[in-house]
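Just below sit the structures, each encoded as structure tokens.
Both complexes below contain chain A, partnered by chain B and then by chain C.
Coming up: the complex of A and B.
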């Protein structure tokens, strides 16, 4: 009997000793959820490492999720069930609004870094007048990537109007090259000609975004908006596309642009990161210009905002998570990002200038920003984006559906999103 | 007598023996089914659900690509089920005969069933590439210009159905082989003595007697075809455009877009569709069996 008791006492003592020998200092572990892009991971790791050097008591564990629609669902489900990581990366703009930030996220008002973050970014990562996110990366733009070597060889110059652009395409085709690459295997890439045309659309209909959100302006009945869909038909009907446009993937598109088989690829500037990773030697020959309109005096860039880092309302370590967000939003954090990640446009953090050796495609963008010839993409001005746009643009771009029909179909498609968000007047 | 009064006989097991199974069935099957019926009547964003009556069903049926998806689902189910039944039976007859390396050939036919649909989908997508795919390159060698298997809107769905046939015919064959094995060799012997040809034997003996297997194959492959999703998603994602969309892929896209109520309504429709087609079919098959 006494022996039994001794055993029990001994094991209890051992247990207490074990517990006491645990962490001497209060250490915090933060979870950090990012998407599964290889360049995202590199950037996140660099930030975490730099932060850990300054704050040894905080450990940040990175976790990855899928991208695209599947990723959207992961985020929404984890937020709804209160199981979100302490910090997570997600889009700003219309996708951010869908998360119902005021219910699910922790606002970061008063964060010192906010003072230095560009107003354009804060406006797309705020809800109800409160800021929720800090930018993860530089701003991005949509437009046309082109192969400078082909332009030099054929004596072409950067087009200022759509007609000049199509004339260039004809010359390139005559020279036996692919004039314009389209990659509908990855259907999201088919939207770029429509979305990047927004600068031109807002130049002729300045209040389109407001009217569109209020269910008054429609793609089908606004000629300048319909034009965006007509561009896709134009390039298809002109016969200037790569033969396998229906089966080619995003990577195929970058490959033929990089190796000089193709001259133009309409794409977001996030492609610079992928080019850097897969075809670094080609970057010197890749340039960039805005999607031209019919009028040479209207020539500017449609701008996308980078994703942001957010803190969910369910986080148990709000203060520590805020510390990390403050670091990412600071000039120091911005420099860390620029050190590992390709710059895709101007920075959104004041005082964080671009390095001197940016690729030519970025240099080509800067004049537009300098002259103020930029406009945010529609998804940052209106919370409504129809989920089927990419299928519809594949149809127009493959000659399966006429632009007017497609625009009307898209107008129907956005209705569901507006109703789901509970926007008045729908 | 005992059969006709099942309740009068006391079960040898106490009632609570059924509880674990009942709880699992209730939690994993009954509760989700009932809640999904409820959510299909709401506008749901995972956090709040607003009751909107039958609006989701109205919306679902008013979508232009849904009608297409419904039609495609039926075409896909009929094509894959029909082809699997025909080819499954023919392969089973072949592989039940006295042929060289029978066991090995049976394994070869069954093998694709074991491979993941996603893997098969990705592989065939590469092979069906219009200019660089091995299929069109092979056709090019003999002077036939191959079509855009997955990029031609009128071909895409059928191309996927053919891959589905390749993947699923092994299971149909296996069921038919088992069915054929139950047919007594006496029938064949007797008919041979009576002078029946091989063709007559097939139509008069094999086909009628392998009926239970045929019913199983048709029912299983029809249900599989109606709710098919993985292969289509891996190969075309419903594209180009909406041309190879089936109900399941439309539902998945609604779900991806965050229309949770709408996609739940889509699943309820799919559930009803499968029920409407399969229940009478099973009933009809079973009655025919009794008649015989």
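Coming up: the complex of A and C.
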């Protein structure tokens, strides 16, 4: 009796599977692998739709992969086995270099859109002098989000130096608010104070990136670099952090910032997307400033590049895939993207201006870009980024490890990564 | 005196069970009915608005009704791989327990290797590609069978040890062929451990996350656990939809467990007593 039932179920399943396989299509179908951020999906769908309207003979199917370490593994596995989608989305900069682009990717030299893409972006998505990717999204910056309402109520002004910043923090603390939020449950958030200090580091040691890649400059022995780690210790020792900094999550951090319980949150500007989703009413009160240095004349933003779209060497439809990349890299594609996504910073495509209604936090960033007070983050200037930085910064930020010790530990982490990548001089 | 003590320990056990089993489930259910911004707080507060239906619809409709396809895929993988697992491992367990030969040692080592050695992803994909099974349901089913057969076989083998050999001999004297002995005499007696195997393995296969992630890429090949990634990402997560999805995905294994609870426990102990 039950066995009969099993057979019937099995044959029904097989039949449905056959039907689901569907008829063959005449036109080209491209597969398109993106990460699983909700913004990414919305943007990709809008781009695919706009492209389909212009090229009805090409169907693009979107597929999602996890982000973070699991996503890195997925990308590497699929590239190694030649099963990568025709177009895929992945970070630019050091993570892109790890993919060994010259072997695994198809270069896009000669693509018309390349002429309009900012040099800064091309430099981080090229290998061996050939371009491989077009930007997907706007640039992103690292710095400090602040609650404008608290600043107004306490009569504070945006700090230009670290001393002013700490003085502001003391006043906010005296007013009974949390001065600075740190959220070490999501350990990646602990790196921000170190990483967005890179503008200041570059200002005092202009050739740090090349020296660092050549194994000549070290975090532990370069005072300006060591300072980045000391910032973390400073904010911990001053007692201005939220009490639950070790257990709070990224979402908790955004929540206390948005509802006015906390004044500062060092974060990448991608947080604007999450704020828009979870606390849209608060966006008008959230501002942004660059991480201050000791010198008021050195005050600028560290810029992160958006991820890029690449074509793997294994793709069977290189020309069609290039067509889509060209569209994404064009002003038209950029407008489509800005139409659906929260803008996190200026665009990297010439002629693609920001819409008028950007959140105040983005408006706050524009002067820095206008005056040229920006520097790319170190991970875009050097192929080496130690994988354990976030664990080390959690230790420093929780007062468990001294900055000098942490910097030496990170240097060792960097050494291992450089040796793995086979960079000369290590 | 004695009664009151057992009452007290009963209450303590109930409280512990509530904290361990009911509270997390309640937490999931609560987040699943909240709005995005309330759910992002991840606390036990009651929602201002109960959005059960809206969230349910949003989850089911997401990515062009991907969840329904995922249910279908997961069900097919689970049903087929567990059926193959049960039949194969019962046979292997029977032969290994009853017939002593020089191959027994080899089979024993192979079983233990299957349990102890972690499978390598890239070579396995290479193998699947070379026989044309990569990115197919058949390939995924075979992988689940291969990864889980050691555990099932061990359960069967130890259970078969408790069935007296006299039964085999009696059947043989009555003229049964070897396959008849197995299918007509032994297999019906294996029911308790078969139920255990079916339940444990189907929950495992249904809930498997990493194997489909690596071995079954592609939009049309999605399984239920992978749909969770539709709502969770590194920088922005839609917790209300994520938890609604978790709730929906948890239901099938939960039903299996509720119905077969008793058999699982008897089967487990039956297999565990004798080595």
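Everything that follows uses one rule, which is that the second predicted complex is superposed on the first by the 400 of 426 C-alpha atoms of A that agree within 3 Å, B and C clash if a C-alpha of one lies under 4 Å from a C-alpha of the other, contacts with A are read in each partner's own complex, and residues count from 1 in each chain.
Heads up, the rule we're going with is that a contact is a pair of C-beta atoms (placed from the backbone, for glycine too) under 8 Å apart; a residue touches a chain by one contact, two chains touch by 3 or more.
Just so it is clear, the structure is predicted and the values come from calculations on it, not from any experiment.
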| item | value |
| --- | --- |
| Fit or clash between chain C and chain B when superposed on chain A | fit |
| Partner chain(s) touched by A:119 [first = chain B, second = chain C, both, neither] | neither |
| Per-residue touch tally on chain A - higher for chain B or for chain C | C |
| Contacts of A:80 with chain B and chain C, given as first, second, both or neither | both |
| First (chain B), second (chain C), both or neither touched by A:104 | first |
| Touched partner set for A:251, first chain B, second chain C, both or neither | second |
| Partner chain(s) touched by A:72 [first = chain B, second = chain C, both, neither] | first |
| Partner chain(s) touched by A:64 [first = chain B, second = chain C, both, neither] | second |
| First (chain B), second (chain C), both or neither touched by A:274 | second |
| Contacts of A:319 with chain B and chain C, given as first, second, both or neither | neither |
| Closest Cα approach, chain C to chain B, once both complexes are overlaid on chain A (Å) | 5 |
| Doubly contacted residues of chain A, that is, touched by chain B and again by chain C | 68, 70, 77, 80 |
| Residues of chain B that touch chain A when the two form their complex | 43, 45-47, 59, 63-65, 129-132, 148, 150-153, 237-243, 253-259, 262 |
| Of all residues in chain C, those that touch chain A in their complex | 36-37, 40-42, 63, 72, 75-76, 79-80, 83, 121-122, 125-126, 129, 134-135, 137, 213-214, 217-220, 229-239 |
| Sites on chain A touched by chain C in the complex | 6, 9-10, 13, 16-17, 20, 31, 35-41, 61-68, 70, 74, 77-78, 80-83, 188, 249-252, 254-255, 270-271, 273-274, 277-279 |
| Of all residues in chain A, those that touch chain B in their complex | 68-70, 72-73, 76-77, 79-80, 98, 100, 103-104, 184, 187, 243-244, 246-247, 387-388, 391-392, 394-395, 398, 400-401, 409, 412, 416-417, 419-420 |
